[in-house]
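So, here's a batch of structures to check.
In what comes next, chain A is part of two complexes: it sits with chain B in the first one and with chain C in the second one.
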Partner chain A sequence: MSDKILSKTEIGSFLDKIKADYQIHAPVQKDLELVWAPIDQAEELVWEFSNTDLSPKSYFFPQTESLMHFKNNSQDPEGLIMKEESPLEKPRALLNIRPCDAKAFQVLDKVFCRDEKSLDVYWKDKRDKTLLIGLACNNPCPTCFCTSMNCGPHHEEGLDILLTDLGDRLLVHSVTDKGQALTANLSKAGQEDINEASRNKEQAEASITSQVKMDNINSRNVLELYEHPVWDQVHESCINCGTCTYFCPTCHCFDIQDETQGDFGRRVRNWDTCMSWLFTHHTSGHNPRGTKKDRVRQRFMHKFKYMPIKLEGAVGCVGCGRCTRKCPVNIDVREVVSSMNS
Partner chain B sequence: MKNPYIPYPVKLTKVEVATEDKSLRNFEMEFLNPDHAKEFKYLPGQFAELSIAGYGESPIGIASSPTEGDRLLFTVSKAGVVTTKLHNMEVDDVMGVRGPLGNWYPLESMEGKDIVIIAGGYAVTTLRSTMLWLMDPENRKKYGDITFIYGARTPGMLLYRDEMAEWAKRSDINCHITIDKEVPGWEGLVGFVPTITEQVAPKPDNAVSLICGPPVMIKFTQPVLDKLGWQGDQIIMSLENRMKCGIGICGRCNVGPYYVCKDGPVFTKAQLDELPKEY
Partner chain C sequence: MPTTNEQIRTTAKKLLEEKTVDCVIGYKKGTVPMREQPFFAYTPEQADELIWSGFCTNNLANFLIGRKDKVAVIAQGCVSRNIVGLIQEKQIRRDQVYIIGLHSPGMLDHWKIQARFPNKRIDQVVEEDDQILVKGPGLEEQVPRKDVRRDNCLTCVQRNPVIYDQLIGEPGQETGGGNIDKVAAPWEQLSSDERWQKFEQSFKDCIRCYACRDACPLCYCNECFVDESHPQWCGKTQEEADVFTFHILRAFHCAGRCTDCGACESACPVGIKMRRLTSKIEKDIRDMYGYQAGMDMEATPPLSVYQPNDPEDFMLK
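Now for the complex of A and B:
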């Protein structure tokens, strides 16, 4: 697929073309925060940013999502019988998503759509109806380490289109047929633009100096890593607040709860966190991960050992650095992984 | 696309107190839609989420055997929100069942072998399912000797006692039912399950053992089997952990990389020996 060029002054008409089939969402400035929101005009778009605080995972896996509803009335012939929620009405396009976040969804596809038995229809419905138009990172943050996590600042995997900012214009690279169809009418990029984009890529990759190795993590067996002395230290400063799990684009644990009000009832799923004591607490009182050490270990083991074993090598981390930036006690995932690998 | 989170609507057809302390009840149920009964194809060792709208779900091992027909049986201990509500429900009440979930006992690879079943307390439910499945005439001929060892605190705490009395009369089942301490009127075995296992001394040659019981029973039965020469891959166990989705996604029931809800609940001891003891 040949690369295209799009002048920033012509973005409006490109958006109009997308809008015909999709509702567009993008990172926008809201007061001091950069947040994901629906957009209408090209003027709302932001071009200079590192990344949004929260990952866009809630587009596919909302913080609270109704799974089904029921009439909360046992006398009604239809009462207490669960009814499915309706699927997403209008397809969505996530514009200017960072490559690491798109890669995270591809990892999560392996979790939510594992096989016939583990096919999460809620996740799949929204994934199938969402177009991902990425914006390559020309200036990665100091906490980024995507290049160590099978990803990178200009990584294409999981995207339909990758945009590279060249100042007053964008290089448009279609990754999928869906992306190709939308960009077919744009003018072809010149060799100079293509060269400039690849220089940007090289510079961005070179600017990521944090490197994390996983060779020993991969070669050690589960119990060796589980009993590694690193866990005795890592958990000490952790306060089990769960912030890392909510900001993480690949953390996907959830709880399911029933809610009722009068005659209406619904079953919802909410983001949950493995940092919580209740997460694994048995009704009997027994808790297989009863200590803070158990829970901290679980989060890192899950991402860097258990997921690769189960998901054909896919690591549960894309190196976006959010957990490191948001941790209230300064736990740095790069240091933890390096210690696990030591 | 089939939605794996939607329970099948079922109606309670029989509810009975199962133990003398009234902490366990047997719940029999049938599907409101006969097509669902056909979809719900299960094997002994699997479980289901019992779903009560407005209360939630609870993962419970299936105590009935598919060889018994379409009715489902669950024996449930009253413990949390859902099971307490369930204990207050009556015949004809409507609820939901989601499943079947998880893997099952390796019935196929057990063919041609002697089977030793060791159970304690109310962990016997899926082993009742297994026993009925094995005793089905079509299946019975595929297996060697069947030894069944089961213990509870008192005669009144034994589950499925009348059925087991029938099994004991059969010549093709070695049935050993025991209680912890002597009680007037009890003429059967007395002693903890590990002690009885030691007396029965099941041979490991070309045999498979299925063990379900409280942790303390498993802890003391293990050395008995070790002494008799049983190997880890011959010992099959079933785990329990807190669960929500039941299909290996929501992230809480894992033991190492494996989800008890999907990759389990049935594991061999050899498998468990290589995993953290997070259960």
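Now for the complex of A and C:
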């Protein structure tokens, strides 16, 4: 697919074209934070940013999501019968999503859409109706290590379109047919623009100095890693809050509850966190992950050992660095993985 | 004169070498700017990693709970007050903890520093006496330390440790310079509706990670009320009722115990000011009972006893 060029002054009309079929959401500045929000005008877009504080995973996997609802009245003939929730009404476009976040959703597709018989319809509905227009990272953060996690600052996988910021204009690279259709009318990029974008890519990749190796993690068996002495030390400073899991674009565990209020009832799922003792607490009172060490070990083993084993090598991490930036006690995923690999 | 870091390391090494303690709890240099890591030194070699800076914003008393060994802990005013609280509440024994006390310089607020440089990346902050030097790509600027201190450090009333086994450095000025009564309850004068509005606005971004609770040395319940499932007191959703229930109840559970150490706000990944609730309660306890948590080991925490002359003006009749 040929690359196109889009002047930043003409973004408005490009947005209009997208708006015909999609509601556009993008990272915008809100006080001190960069957050995902619906946008209408090109002026609202931010071009200089590292990444949003929270990942956009809640577009597909909201922190609280009603799965079905019912009339909470056993006397009513319609009572206590679960009713479907309506699917996403208008398709969405996530504009200026970072390549790492798009890659994260591909990893999660392997979890939520493992096979046709066990599709997570809630995830799939929103995934199918969402267009991902990525913005390549020209200036990765010091905490980024995407290049060690099957990803990169200009990575295309999972995106429909990849934009590369060239200052006053964007190089527009279509990855899928959907992307191609939207960019068909844009002018063709010159060789000079294409070259500049690939120089940006090289520079961005070179600027990522954090390298995390996983070769020993991959070759060691599960029990060997499970008994690794690193766990005796890593968990000590952890306070077992859920910050890392909630900020992570690939953490996807949830808890399902039935709620009723008066005549209304619903089945609702909420993000859950393996850092909490409650996560594995059995009705019997037994807890297979009863200590802080067990829980900290679980999170890293799940991402870097269990997921690759179960999901054809897919790692449960894209190197976005959010957990490291947000952890209240500075547990650094790069250090933990390096220790696991040592 | 040796630096504070050197004095901490020398002290820790000696305690470990002489086997006075099994472990020294302090901080080591963080891997990201404006955040240090709580650190557990078991050997004299590990003690060399200990540091002290304005970004030591956890409350190390939190890490004493449940320990079976003899530990030393680095404690400034508020942390020492929480140690007193934990001893009063029988969570730790005095003879189990060796307190390495030191005067708090007033800790720094990473949100306030970031607010000075909107949308700029900060790679390093160097502390220089009354100033801090903030560095990043295309950024190198000095900021007066007093302008970016945490709110609670500004209104601190006890910067020197209330108890200690050994003091590092000299005792310093006791207060942070701010008037706690002026700022403790910013919503006090508002109407009930306005207050609710402020409250909603302040807490709406909560993602219920519970970092505030988990960073707090008061929150050591085996089973927190939000985790109880039989009965389940609090819903699990992001609905306002569930989120607000958590914050209001947690604040009340801290009444008469909170030392205003600010660890909750420093831990919060979305910048919620939960002290808007707890500092008002701290003020009420001071006004009504003349009590400040953790100042005196012999004092009786007011909410743990009944006195016939307890104030009851706040009760609805």
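As a working rule, the second predicted complex is superposed on the first by the 341 of 342 C-alpha atoms of A that agree within 3 Å, B and C clash if a C-alpha of one lies under 4 Å from a C-alpha of the other, contacts with A are read in each partner's own complex, and residues count from 1 in each chain.
In the analysis below, a contact is a pair of C-beta atoms (placed from the backbone, for glycine too) under 8 Å apart; a residue touches a chain by one contact, two chains touch by 3 or more.
From a predicted model like this one, the values you see are computed outputs, not experimental measurements.
Peer 1: Record, for the superposition on chain A, whether partners chain B and chain C clash or fit.
Peer 2: Fit - chain B and chain C, as placed by superposing on chain A, sit side by side.
Peer 1: A:324 in the overlay: touching chain B, chain C, both, or neither? Say first, second, both or neither.
Peer 2: It touches chain C, and chain B stays clear.
Peer 1: Of the two partner chains, chain B (first) and chain C (second), which one does A:220 touch, if any: first, second, both, or neither?
Peer 2: In the superposition, A:220 touches no partner, neither chain B nor chain C.
Peer 1: After lining up the shared chain so the two structures overlap, which partner does A:110 touch, if you call chain B first and chain C second: first, second, both or neither?
Peer 2: A:110 sits against neither chain B nor chain C.
Peer 1: Give the angle at the C-alpha centre of chain A formed by the C-alpha centres of chain B and chain C in the superposed arrangement, rounded to the nearest 10 degrees.
Peer 2: The C-alpha centres give an angle of about 90 degrees at chain A.
Peer 1: Based on the superposed arrangement, let me know which partner A:119 touches: chain B (first), chain C (second), both, or neither?
Peer 2: first
Peer 1: With both complexes overlaid on chain A, does A:237 touch chain B (first), chain C (second), both or neither?
Peer 2: A:237: touches chain C, not chain B.
Peer 1: Touching A:17 in the superposition: chain B (first), chain C (second), both, neither?
Peer 2: A:17: touches no partner chain.
Peer 1: Contacts for A:255 in the overlay, against chain B (first) and chain C (second): which applies, first, second, both or neither?
Peer 2: Once the two structures are laid over each other on A, A:255 reaches both partners.
Peer 1: Thinking of the overlay built on chain A, is A:293 touched by chain B (first), by chain C (second), by both, or by neither?
Peer 2: neither
Peer 1: Working from the superposed arrangement, determine the closest approach of chain B to chain C, counting only CA atoms, in whole Å.
Peer 2: Minimum C-alpha separation, chain B to chain C, in the superposed model is 7 Å.
Peer 1: Do chain B and chain C touch any of the same residues on chain A, and if so, which?
Peer 2: 255, 257
Peer 1: In the complex, go through chain C and note every residue touching chain A.
Peer 2: So the residues of chain C in touch with chain A come to 30-32, 35-40, 58, 62-63, 111, 114-115, 118-119, 121, 123, 137, 207-211, 213-215, 227, 229, 235-239, 266-271.
Peer 1: Which of the residues in chain A end up touching chain B in this complex?
Peer 2: These residues of chain A touch chain B: 67-68, 70, 72, 74, 79-82, 84, 111-112, 114, 117-122, 124, 221-223, 226, 252-258, 260, 265, 267, 269, 272, 274, 279-284, 288-289, 294, 298, 301-302, 305-307, 309-310.
Peer 1: Within their complex, state which residues of chain B touch chain A.
Peer 2: Per the touch definition, chain B meets chain A at residues 1-7, 9, 51-57, 79-80, 83, 93-96, 240-242, 244-245, 247-258, 262, 274-279.
Peer 1: Touching residues of chain A toward chain C in the complex: what are they?
Peer 2: 29, 32-34, 46, 48-50, 53-54, 63-64, 139, 141-143, 233, 236-237, 239-243, 245-247, 255, 257, 259, 268, 270, 273, 276-278, 324-332, 334-335
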